[in-house]
Every structure is written in C-alpha cells, then in structure tokens.
Amino acid sequence: MSTDDAHDPKFGEYGGQYVPEALMPAIEELADAYGRYVLENEDGFMDEFRERLADFGGRPTPLQYAEQLSARYDTDVYLKREDLLHGGAHKLNNALGQVLLAKYMGKERIIAETGAGQHGTATAMAAAHLDMPCEIYMGETDIARQRPNVFRMRINGAEVNPVTVGRGTLKEAISETMRDWATTVENTHYVIGSIVGPHPFPKMVRDFQAVISEEAREQAIEKTGGLPDSVVACAGGGSNTMGAFAEFVSDDGAERSSAKNPSGDEPRGRVDLVAVEAGGSSLTVDEEKGVAPNSATLSTGDEGVLHGARTKLLQDSDGQIMESHSVSAGLDYAGVGPELAHLVDEGRVTPVNVDDDAALEAFHRLSQDEGVIPALETAHAFGYLEENHDELGDTVVVNVSGRGDKDLETVIEETSKRDLDIAPDMSILNRVGGGGI
Amino acid sequence: MSTDDAHDPKFGEYGGQYVPEALMPAIEELADAYGRYVLENEDGFMDEFRERLADFGGRPTPLQYAEQLSARYDTDVYLKREDLLHGGAHKLNNALGQVLLAKYMGKERIIAETGAGQHGTATAMAAAHLDMPCEIYMGETDIARQRPNVFRMRINGAEVNPVTVGRGTLKEAISETMRDWATTVENTHYVIGSIVGPHPFPKMVRDFQAVISEEAREQAIEKTGGLPDSVVACAGGGSNTMGAFAEFVSDDGAERSSAKNPSGDEPRGRVDLVAVEAGGSSLTVDEEKGVAPNSATLSTGDEGVLHGARTKLLQDSDGQIMESHSVSAGLDYAGVGPELAHLVDEGRVTPVNVDDDAALEAFHRLSQDEGVIPALETAHAFGYLEENHDELGDTVVVNVSGRGDKDLETVIEETSKRDLDIAPDMSILNRVGGGGI
Amino acid sequence: MGLERAFADEPAFVPYLAAGDPNYEDSLAYVEALAEGGADVIELGLPFSEPIAEGKTIQDAIVRSLESGMTPDRFFEFVEDLDVDVPLVCMTYYNLIYQYGDSESRSDSGTASGDTASQEGPRPFVEKAAEVGIEGFVVPDLPAEEAGPLREACDEFGLDLVFIVAPTTRGDRLERMMEQVSGYVYVQARLGVTGARDDVDDATEASLARLSDWDVPKAVGFGIKTGEHAEEIVAAGADGVIVGSALVDIVAEGHEDGDSTEAVADRLESLARELKQGAVRGAQERPQPERT
Amino acid sequence: MGLERAFADEPAFVPYLAAGDPNYEDSLAYVEALAEGGADVIELGLPFSEPIAEGKTIQDAIVRSLESGMTPDRFFEFVEDLDVDVPLVCMTYYNLIYQYGDSESRSDSGTASGDTASQEGPRPFVEKAAEVGIEGFVVPDLPAEEAGPLREACDEFGLDLVFIVAPTTRGDRLERMMEQVSGYVYVQARLGVTGARDDVDDATEASLARLSDWDVPKAVGFGIKTGEHAEEIVAAGADGVIVGSALVDIVAEGHEDGDSTEAVADRLESLARELKQGAVRGAQERPQPERT
C-alpha cells in the first residue's frame, strides 16, 4: 500500500465512487483521513489501532498446524485462527479500525449494516469499547435468522434498526445505511463491513484486515521456514479474503515457494491465492425471478455498479441485482470487493466455489477432526480443501474467518434436511426437551 | 508448586482422596503422572502443553486496560481476557492439559462432567483436537438450559450422556462421571472441570490454569510497572479463581504494592485476592427443603467431604448436600476447591459474594461500557467491583473467565423478570418475530 | 441545449414519477396528468433494484413498478406510448444504463457467463433513449468523476446530463460538475434522501448562492410538497422546482385505496397545478427577477 | 472381633437394603424378612445425597429413602425399632459420619455459619451407632489413608470397620487396608459401581487369591443375583456373599406395582433363602474347606 492509494479510487477498471452527491464530501473527507491516519500514521493512529487490536481484540491470532487434516490430505494444513478474535470473526479488525478512525475524525455517531450479524456485532463491540453511539441496520429476514447476534448487538448497547424493504437481507441493509448516511453525514461515520462500497472503503477495509496476512506470512515463515504454496479463504464481500491475501499478493513468482530456503534469506516464490465463494444449491440462475441460488459473484458474475463501486455482480441481463442465496448468511451477497474482481481478472486470485452440501460437510469435519467449529462462511474454504487439496501444493494456509457458534441452529436445521454421513445425531436434545437453542 | 505436590494430597486440613476403592489406583496413577509430566516436564509434556495452548487455544490472552470502568471507579481496572480463549472460557487451559496428559498416560477414552456446558465444550474440543473419543455427562436440567453448549459438544463429536438422577445438575453429573470412571478406570481418564475432586485433581487443575496468573502478573508489571493491588475472580469450583491467583499467592507482603518501583527490581508487596461467589437470590438457606438459594460456599459453607475431597460445602446439619442456586449455571455448585477453602481459612483469600441482581447489572454494564460481553459467572466479579471498588486499591485485575454468548437466553429471561435500568430494550426481537435464540 | 428551454419564460415545474407505478397503463395516465397540470419537464424514473438515494416513498414506488414488470425495454416503450408535449428526463441508476450495452449478457440466461464486461458502456442506452425521445438524464449514483463516458454519449446524441448539487458540495467538486452539467442543475434542498418534508431548508438559499455564477437553470428538489413551498423556493432564487415524493404519495394512496385511475390522475393534475402556480408566484416575489 | 463370628460356622449371607426404602414401616418389615430368610449380617444403608459409589438401582433406593424422610437420627431409631437377631452394619458415606459430631452446625438453621468445622470428627456418630446396636461400618468413600479417626472411634466403642478391596487394589494399598480392617473384608467382584449382573467375574478369583493371607473373612459383593452366583462365589473361596441390588430391585418393583408389604417381604425372604442356600452349597463344593 502507498499513500497514493488514498486518492486512487480504482483497481484497474473496478472500484470508484458511485454514490449520491450528498455522500461525496463524506467519502472525500474519509479518503483524506484514510491517507493521513491509516497510510501515514498521523497522530499515531495506526499505533493505537494495533495496540487496541492486541489488547481488546486478542491479536495476534495463532497460525495452527492442523494435525488431523494434514494427515487426511497428506498436505501441511495451517489454520489462521481469526475465529479467536474478540467477537468471533475477523470482522473486528475492520470495525475497530473504522470506529477508531471515526473518533480521530471527530465523528460522534456510528452506523453500520449487517447481514449475518457478525459485522454488526463487531461494530457494536468496537463502538462500546470506544464509547460511541451506534446504530445497526439489519434486514428483517436476517434479524429473524440471526437472533443471537441481534441479542449481542443490543446487549452491547447498539440500536438495531430493522430494514423491511425488499427481501430484508444484506443488500437492502446496505442501501438503507447509505440512506441514513446521506442524511447524517456531517456527524456520522458509516462503518462498512467488507471491502465493498465506494473508495476509500475497499482499500481501507483491506488495510485494516491485512493484519491477518501480515501475521500469517511471518508465522508461516517461522513455522515452516518458507512461504505456503497456497492461501485459501472464503469470499462474500471479500474482507477476510483480501485480509488473508494482501501480504501475499506480491509473492507472485513463477514457481511455487514450498521449496524452503534453508538460509535466512527472505523467502520468495509464488503463493497461490484461492477465493472460495458460496456455490449455494446450484450455479444456475433463474433470470425470470431474478434469483441466483448461489453467491458465486467472482466465478459467475458480470461487471456492473453496485453500492458505490464498479465490480462483479450477480445481475440479470437488464442490470437488476439478483437475490443471491447461500446457507451461510455472511456470504449471501450479490456483489464482491472490486479489488478481488480485479485480481481475478489479472489471474492473481483463483475464484472457485463450493456448494451448501459440501460446506456443511466441511463444517462437521473440521469440528470433529480438529475441535474447531468454523463459521459456515469459513466452512466453504474447507469444503474446497476437501475437494481439491491435490492442487494446493505441500503447504496450505486456510483462513478460519470466524467461529460457528452463531450458526448452530442453521447447521442443525440444514443438516437434518440432508443425509450427511458425517453429521452427529442431535436427538439428545429432543429426548431431553426444552425450547430453541 | 514443587514435585512434592504430587504426593501431598492436602491443603492444610482440606483436600485428600475420599473416593471408592476402585478409583484409588487410578488417582494414584494420575498423581504419579502429574508428578512426572506436569511437575517435572517429563518427555517435554509441559512444553507441548504450552505450545498447544498457544497455537490451538490462542494464548497468551491480553491484559486489557478497561477505559470506561477505570474512569467510572477512578481505579485502574485491567481485564484478563480469558473470554478470548478458544471455546470462550478459561476452561480449555485445564481440559487441554488433562486430555494431553491422558494421551501421555496411554489412556484411550475421555469422560467429563459438565454443568454450564463450558467445561464439557472445552473437553470435547480438546478431545477432538487430540483425536480421543469423549463422553460428557450432563444433568438433564442443565441440558435443557444450556442447549447451545450441548450442540457444540455434539458437533465436536462428543457423546453427551444425560444424567436423570436427582435435580439433574452439576453435582449429579460429577457423581455419575465418577461411577463411569469406577467401571472403566483402566483405559479411561476423567477430566474433572475445576479444582475439585480427589488429589491430584485440585493441584493439577490449578497448575494448568496457573498460566492465567503467570501471564497476568508479567503483563501487569509490563503495563503498570508494578503489581496490582488486587486480583478479583469469580468462584464456582474455583479453577479460574486459583488460576488467576496462583502466581500472586506469594505476593503476601504487609503493604500493598501499587507504590510502583521505578527501578528494574522485581516488584514486591501485597496483592489482595478476592474470590467472588454467587450470592444467588439470598444467603438464607432452607434447611427443610435442603436448598441454599446461593452457592456462596466459601463465605457460608461448612467443612465436609464431597466428591472426593474435604472442603467447604453447602450442607444441612445432617451433612446432606444442599441444592445450590445461582443465575449462572457455572457457579451453581455446593462445593469449592479445597485449596481455596484453605487459603480463605489462612486469610490469604477474601471470600465475598454478589447476588443475582448485581451480577445481571454488571453483565449489562461491562457489555455496554467496554464492549465485552462476560459470562454470567464472570459478571459476579464485576458486580463486586461496582460495589466495593474503593477497597480494592489503585490497580485491580479482574479475571474475565469467559464470554457471555452462552448466557444470552438466560440474561434476557432473567432481565425481563427484573426492573434493571441498565438493561437494553429487547422488544425488537418480538417485533420482528421468529423462534428462540 | 434542449432542456434549458423549459426554464426560459417562467419558473419551471419539474415533477417526478416512477414509470410503471403502479402499472404500465395507469402510469401513462398519471404522467399525462402532470403534463396537463403544467409540468415543464418530467423526470421519469426507470426503477433499479437498489435505489440507494431514495427515501421510503420512492423506494416503494420502485418496488411497485418492478413488480408490475418494468424493465429498460418496457421503459422505452412507455416513453413512446406517452402522449405528452413536455421534455422528458430519464432518472435512473448507473448500472441499468451501463448494462444495456452488454448485448452478450442481455441474451444470456441460465448460468451467468462470467466474462461479459460491457464493451460499449452507456452508449447503447443513450442511443435508444434518444431514439424514443428522452432529452436528458439524472443519475443519482453517478458523480461527475465517473460521468465521462455517459457525458460523451449524451453529447453524441444531443442529450442533457443533469447533475445533483448537494448542500455539502463545494470547491473542486462544484467545478467539475459545472464543466459537465447541461440542461439544468438539480439543487438538493437538504441532506438526506428523497421524501416530502414540511418546511423549506435554509441550505437551499446557501446552495443557490454558491451556484450563482453557473449558466444553467437551477431547479431545487427534495422535500417540496405544496404550492407555498414551491413559491418560497422560487422566491429564494430557484429557476424551477422538482417534486417527486408528494406526487408519488398520491399514486401510492390511490393504489392502496383502490381509487379509479381518473380520480388519481385528477389529484395529480391539481397538485401539479398548485405547484406550478406556487412557482410562478414565487418568481413574482423575487427582488431581482433576472433569469439566466 | 464381633462381626467375624457371623462367618464362623458356614459361609455368610450378607444382604444390603437402604434403611427407609420406600418408607420407614415397610423397610422395617423388609429387613426383618431378610433375617428370616437366613441373613448372617445385614448391611443397612444410611442414605447420602451424593452416593458416588452406587449404581442406578441403589441410587434410586436412596432417593426413595431420603424422600420418605430418612436422616441419621431416624436411622438410629430405625435400628432400635428393628426386631432382628442378626449383626447390623451401617453402610454410608463419610460426610454423614463426619458431620454428626458437628453440634454447632446441627443446631444451626437459617444462614449457614461458615466456621463450624467439626471438632469431634466421627466419634459422636460411632458412639451413637454403638448405643443403638450397630456393630460395624462400610464407608465406600473412605479409603484407608483417611480412615484413621474413624478407626480410632470404632476401637473405642468396639465396632468393626470393613474395607472394600477392589480388583485394582494392590501392593501398598492392600497392606494399609489389612492393617486397619476388622469384621470382614468386602471383596469387590468387579470394577464399577453396585448393580446386579448376570455372571461371575474372573476378577473375583484373582482378588481372593491376593487376600489369601488375610485373617478376616472375605465376603464378595457386586453383581450377585442368584443362588447359583452365590454358590459359585463361595466355591471359589469366599467366606460370604454380599447382595444388594438384587434385593433392592424387589423393593423397587413392589413399590412401583403397589404390592402389599407382606408380598414384598415374602419375595425378599425367599430370595434371601435361595442365596443363603447357594452359599452353603458352594462351601460344600470347595476343594479344601479350610475356614479361618
């Protein structure tokens, strides 16, 4: 990253600032603050951010050798444990960065959208920590299916504003938050939850999340003596993805790097970057209904403009945005970060996808084999590992973007609809009785 | 700790090995293994344990300065963030240690009891991580009120055996696990969940948990230049408590130590140790029904013998064990670790208690003011801080033994029964509809 | 250019409706009623699934319109079917303009194809719009910085490109818009999204002052509801008033109450008349009625 | 000492019932039926709320007994009310023995007092037990290492202290128990908790072999259910058989089915007789019937 980043809103063709005029001064102010505080560490912003990430967030997170999976795949598998971050997902890296930045900018109020509730939870926690009033927009449908996270936001003192428009999911919540921002822009900062939205959000969120790969790259060198052959991360908007990739992007040599260099030289070589999207129930879209039963934006989407940026989208031939679908609410989004779209076009990032069934299986596998219950979003990355470990080289880092506690109810329900050999029998809970989770 | 510890089953009058004869060989074998592997680091056991605690568990956990609480109390308040440990509570320190020890001992099966489900969850995770079959005994009542943790155990591949005897809570689950062990002792290790039970459990569990205070003491010196004046921790069985106290027990000088020593000398002085028990709804017991509406064992209990050790107990005049009660399932136990009983008699640890109402308020306060949602168990420690911060000196470390995600349903229910000004309005969830959490 | 003519003689009344709200036929009647009521320019909304700049009233209109089957192609038919003698402006979001050129994606169905980035950009949409008689565009999510390709296409086909100036727009950004704007400038009366409010904001006067040296007409919108509002705004120096939500409300209520098309059209026409007359009154009250 | 006499002439049959199961009166009749059926020693359970060494059958008996109001004081009354001519052993957990002496805590009610550690230990309980005619104790959660104070009190009042030897007990621990045991030794036939099983375990023979040089009678328990079991066990060298769960099952079934006290007592008596006769047969089959 360079300070030019603050004023270059594009990644190749992608990115930009497609927002209502009323928001332009705010995002220009933000781009300026991004340049000064984030990129130039003015007033020691980045130092304070890193210190709070450590003390409040629990960084660094470990890079754990996964013994059972490594044996299963005959490949050294390492887990980057973002599930251990405060709040239970990588989301806090970004939320804390932005709320702190809002404070440096003199803003007095925080708003954010949330889908699965993870970003809302992280933002509510960061806002409570930094003593900022906070309101979260969340679609009605998502409120009903992500209740524990709604509780957590409320308990952290955030207001939760239900969004009743449309299908009542993430897409609508983002639009609604932008509307609030357009009205309140002078004292309010909008903490966007992924590497999406208008510049400077995609770059700024990436930079806050890049701590994942900064740590992982160092930890991998320390543990293995070299770079990994591949880094695998799930991709919804793509913030954990770019966070896990950022420091490896320039490891783009011709050859894989797992031939470890025994001397103390800085390791070189190529690290493959694999973004695993939600294949949902099928890659086939229903143009008529405007529904894509997946959210495989990078692999199947078209270029277009959504939520302030040019990027790849799930849209119909007219340009109307489709309803995406995934068993994991956090991947259920019709857009994707413009930087990822660009890196895919450049061939630097490989987009792949894994369907609901394989993600559920991978959820159970990681839980049983490693004692780590992943978020359903994260499980997609492990679904890909199961299917394609042969292609990933000798050493693979998988980003465990979050923990699965929030998903228990969904997993049980979705598992019971399927015939998965791997799933444990849950009848004990019926036998003993009681209410919902 | 010294290697004599392996063969000294007592803490003053307390402790011992009051178990059925069939278990004696097993606990003798365990005491021996404890001496060799834990105390003498045979085969590098402790090195492997510490490494796994770091990589799998996420240690070290931070010691975080709590800005809002510090301002509120005009006291420097530091949070020892065990809530960030894998699984969401300090319990993993012990579970991982014992499952690993079982492996070193050549055992092939793990059993454990659980009350709130936190220890069961931690054990299930550790067993999955180390590839050991695992069965958890849990009272029927607790299964019904701690469903998310039951799900987590099952998802990690553990069997959960409902205990239907008696009230179906922790006390019965411990007895039942001991019965299993009496039958299977040759190939099975019983991972007890706190510093209770027969020797060597109380010492061994303390040693596995002592990493909390080892880190906290160093971190406090690093951050403040000296020792804290007080360490405050909640106490059920007392494992997070002794974990947080262990390294401070010998800081028993005549004067408080907060007069920081500016030179590089090893800090000296007195660190007050405060164990906060559940005051429940009242300290008054109902002898007739055999019910104590609290679990304030250290403050109000009598000496007696329970679950293999002589310790302080909640019992009626005949010696029958009472039903304890607390809004927090994890503190809801009629016994307490013998070492804590001893340190209380010695005057080294101050036993106090906080009632359900104050714990609930503290739960909301920490969530809103600091963005950290504590376990209800942990909230008791903060309830004490609210009421008695004046007596705790200038620098206080509070052990955040776990996170509160598991308690959301209880908190909402219990909050709705009370008139707590601080509690957020939860009506959004009714407005939007949907099922349980 | 073309649209400026609508502001030449007296202050212009510029109403907005979403095309196809609540259905194709009724919507034709409603738009015609606005013309009847004195509209000088009509902003016709082509609905987009993610209208980030709209308040609840217009969002709902967009949902009704989409549900009744509105698409870009239907929109062009709609414009052709309209029997009005008033200049028409298309108000929509950039993705619809941008995708229209993507012929490959337009024909594709079933599995999305993945590499059908538009090669032609906004040109095909503008060409088609020109063909059916659209005279200009308002694109709320297209800032001046990204507007190059659309501006070029508009120039090629002789259409205007209207920009929205917000109360927060200043300095360089104003400059950039001044260079590209044509037809008229849409002066946003207050922060926020579209939606009828009850009073006129001070920000309006300040905005008009900042634009005093621009040589396009200044039409003020956001929150204008009544003839008095329109009067005040024009008295404060505006060359026209843009009114959307207050009109859409009439459509919405009529739809909900199951009123006849005629009844709703009558109400639209009479509010249009009130607004137009308010604007005209406002012009008469102005200290120096110098018109650009 | 006292209890050894019960093993002197022929192999002893040692039944167990929880005193007060399912209620005080019936339980008196049931215990008396066991005496009638040929019991040589009776182990009377004083129920403790946390019976960690018992299987489900005896746990349930303990719950029934506690719910019917059994307490240590009622237990002593029970013993006094019993009309039997057989030596009685009290089987209970250490906390009840230990607390009985704690007069301060016994009198206290309402808020527990916090510093009422027993000063007298097990002595008051033993004294009272001796007074009502109890002749010995089995305390499943009291290992030899912790048994000093109880052993002393027993010596003072002339009672026996029975220890349980498990299949896993060996070496030093055996020695320690041999030094302290009196009356008889309870040989646990297999690992686990109490509960009737269907076959005789090999572990029994091995245990008996390990104890061959002990000079107290060896009574084998855990899992004995029928006359044939008793026969086998005694044939293998035991001096007596201890039977609990099989008898408790009869009480439990009678209670559930609402059978009359007499009917249940009859069934107990006849199973007692079968067990006693089995034991006697076993003695006749022994290779060398040398009795200590």
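Which chain is which? They are A, B, C and D, in the order written, and residues in each are numbered from 1.
Note that a contact is a pair of C-beta atoms (placed from the backbone, for glycine too) under 8 Å apart; a residue touches a chain by one contact, two chains touch by 3 or more.
Composition by chain, UniProt nomenclature: A, B = Tryptophan synthase beta chain; C, D = Tryptophan synthase alpha chain.
Just so you know, these numbers come straight off a predicted model, no measurement behind them.
Distance between chain centres (mean CA atoms), subunit B to subunit C: 65 Å. One finds 34 Å separating the Cα centroids of subunit A and subunit B. If you average the CA atoms of subunit B and of subunit D, the two centres end up 37 Å from each other.
Multi-chain contact residues of subunit A (touching two or more other chains): none found. Taken pairwise by the contact criterion, the protein chains link up end to end in a single open path, with no chain closing the loop.
Taken together, the chains touch in the following pairs: A-B, A-C, B-D.
Those residues of subunit B that touch subunit D in the complex are listed here as 9, 13, 16-22, 24-26, 28, 165-166, 171, 174-175, 178-179, 182-186, 283-285, 287, 290, 292, 299-308, 313-315, 317-321. Those residues of subunit C lying in contact with subunit A across their complex are 48-56, 59, 63, 66, 71-73, 93-100, 102, 105-114, 116-118, 140-143, 145-146, 163-170, 173, 188, 191-193. Subunit A contributes residues 54-56, 58, 61-65, 67-68, 81, 83-86, 88, 124-131, 140, 143-145, 147-148, 150-152, 154-157, 160, 162, 364, 367-373, 404-405, 408-409, 411-412, 424-426, 428-429, 431-437 to its touches with subunit B in the complex.
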